[in-house]
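All chains are identified by letter, namely A, B and C, in their written order; residue positions are counted from 1 within each chain.
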Amino acid sequence: MRAVWLLMRRGLNEILRVPGAAIPGILAPTIFVLGFAVAFGGLAGLAGFTTSDYVSFVLPVGLLQGAGFSGGAIGVNLARDLEMGRFDRLLLSPTSRPSLLAGTILSASLRAMLPATLVLVVALLAGASVTSVPLLVLAVVVTALFAIVAALYGVSLALNLQTQSAAPLMQAGLFAVVLISSSYAPRPQLAPWLETIADANPVTYVLELTRLAFVDHANAWSTVWPGVAALVGLMLALALVVALSLRRVVAR
Amino acid sequence: MATAIHTAGLCRRFGSTDAVDGVDLDVSDGEIYAFLGPNGAGKTTTVRMLTTLLRPTSGVATIAGYDVIADAGAVRRLIGVALQQVALDPLMTPRELLELQGALYRLSRAEAATRRDDLLERLDLADSASKRVMALSGGMRRRLDLAMSLIGRPQVLFLDEPSTGLDPISRRAVWAEVRELNDSGTTVFLTTQYLEEADHLAHRVGFINGGRISLEGTPETLKRQMGQTRLRVRVAEGQRGAAASQLAAFGHVQSSDSDWVIVALRDGAPAVPAAMHILHESHVSVTDVDVQQPTLDDVFVSLTGDHLAAPGAKA
Amino acid sequence: MTAELRVVWLLAIRSVRQALRRPQMLAPVVLLPSVFLVANTGAAGRAPSLPGFPPVPAFLDFELPGIILLAATLAAVPGGTALALDVERNFLDRFLAAPMPRAIAVTGRLAGIGLVGSLASVVFLLAGVLFGMQLQSGPLGAGLIVVLAGLTAAGFGGLGAAIAIATGKASYVTGSFPLVFLLLFLSSTFFPAELLRDPGATIAAGNPLTWVADGMRGPILNPGVDLQTTLAAFGGVAVVGVIGAGSAYIALRRRLVATA
């Protein structure tokens, strides 16, 4: 457990000791939320849009993007450790293999709170609203868990590719999967081909679960359980991939 | 003989640190001059000033008569530079890099192509000309770096620790190339931590320490003046004391943890037969003998009291 | 002068080669704009029905120039990153020790970034046509868009180069890309300037990127090339170019003085 905690703290070092390296991940989600609100806010005037408050509608995108960047950074750092041979040093320790990664992956959830806080504060100042406190807490928890999903994705790529060159794949991949969902508009408003993609994209359900905290929904429960199922499903599937990938790395 | 490199009172200060503190040197045309010194002595800083990459704080430096500040452009046309860290783009091939370097040195396309092919052949890189730098070994990258420094047929070539990181075979290949360049008239100014390299290549050696030149001369003169031939004898068990007391008459007996007795001969190699005769007369049973000529390390030790520990080399 | 031009050309080719040999460097230039193209056209496809939206055959026709502009501005990221690596690896010293004007290291890099931006614009124009976009002004309009994209990329490249030279760290260059998005959102890149939510609309009116975006959009939506819009677009490019390239040359000069 101590090893897990220490590795979790190490995962936060980059932000604490090299702030310049982490600024994009913290600032970018807020810029995107404000940018989307300014650029696409007019979409809320279209018939059938679920709210006239576009800032609130798009706020969850910022939360998940921040979580995505935080998790992706964990993957990039692991790829760097693998490429430089630093991970081999960890493998030589008596600490269990899963513990080595657990702490690092878990640090993503803490790391994600930085961009999340900034997004929330700025969006609220820009006029976004909260539907209820319990749902806001749920949104924050979902954000933290999505950061773990993102970290698992990044770590699985890092273990398989073992090169920092995969960094754009990690960051851009997560960025893309958040955008090609109901990020800009409710699913029924999307072009049919994008609606099909969004329906199949598990992140859509996670996003809509988060959105409950900021946009009223007639039947919240019908959004909660698919979101939770998607989140849990992603975590389990990616955790399995990570476990198998780690076994392969250790066995070579 | 014309002067290729001249400095007078050359200084470079970084903040409150004098990295180079009044270097005076003259290197003649066609000379190989080795600049020796430990890490942080000021070697690289001196090279960077002479190659117009760094502005001196004070003092004068000229290359073939051209001032490094006032006539920097003219200086750059005359020099070739291979810095301590190989400066290569890992994504490019040797062919592409040499083509670019040729263009930077204002060679026409045809001239650059001819020169490129010639250098690739000379430095044994022809077979790897189309491979990306990231796929080349350390030795090949060094040779490529050297090739790039030669593209403009420099009058004066600056090599900053050219052998660092090379295996002995690659190192000797670089030495051979430097000697060949010098034979064709190129003045070479090289910095090194490898005493053997300076000993092997240089016409003259300058020792720099703490930003100043402490000693200068040909390797032979310096070794003769400041180093001593050492006689090492291995004797039978229990006879070390006897051997040491007999050899004390010939010079300073150095302590040794092994069964070797070492004496720095005051009168040099001619004293060896007499020393061996005395041991024989004293019934000291010698099982092995070795004569070590003075090295530049001896010179450095007598200057600084410490060995110059080259990377990976024994002091 | 010929020798200098040849070096600039070789450095420009070098930039393109670097991008092609490290495909992940193309992620900001191709992948990210593609994601935006997909998401924007799929989500905002009904936007042309909004009151005040300019008449367009489809939202793709409106959006694609913005995506090209996005790609052009983001070309600064791999270009600046590569220059930062040149600084880290002492490759920049090769230019500084050569008998060439020292600014050529920057000029060549900007030319390369411009070339990458132009190539990206060709890719997206072809993609647009493939997906049904109608390029009303034909090859002339396409050529204008490619030129504007290249010049904009070079201008923004100057900002990336300035950061690279000043810091010598690739991470600082990549860290700057969110700010590029800020400038783009506050322009008519993704949505008509008049329909942006304030203060976006106000800022967009004076944002040079609005003039560039509109200048790229004109040839797609209208037959022929409108002189006023085109001149405004080049004006926008000039503003970006002066600020960007100026910053880069100043950064180089500062570096030379600092190491002097």
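FYI, contacts are C-beta pairs under 8 Å (C-beta built on N, C-alpha and C of every residue); 3 or more make two chains touch, one makes a residue touch a chain.
In this text, all values refer to a predicted model and were calculated from it rather than measured experimentally.
Connectivity note: excluding subunit C, the chains that remain group by touching as A | B. A count of C-beta contacts for the chain pairs B-C and A-C puts A-C on top. Mean C-alpha position of subunit A lies 55 Å from that of subunit B. Each chain gets a centre from the mean of its Cα atoms; for subunit B and subunit C, those two points are 48 Å apart.
Rounded to a whole number, the gap between the C-alpha centres of subunit A and subunit C is 28 angstrom. Multi-chain contact residues of subunit C, defined as those touching 2 or more other chains: 22.
Across the complex, subunit C meets subunit A through its residues 22, 24-25, 27-28, 31-32, 35-36, 38-47, 49-50, 169, 171-172, 174-179, 181-182, 184-186, 189-191, 195-197, 200. By the touch rule above, subunit C contacts subunit B in their complex via residues 3, 6-7, 10-11, 14, 17-18, 21-22, 86, 89-91, 93-100, 259-260. The residues of subunit B lying in touch with subunit C in their complex are 51-55, 73, 76-77, 79, 81, 83, 85, 87-89, 91-92, 96, 99-101, 103-106, 109, 132, 148, 152.
Those residues of subunit A lying in contact with subunit C across their complex are 18, 20-21, 23-24, 27-28, 31-32, 34-43, 45-46, 54, 165-169, 172, 175-176, 179-180, 183-185, 189-191, 193-195, 197.
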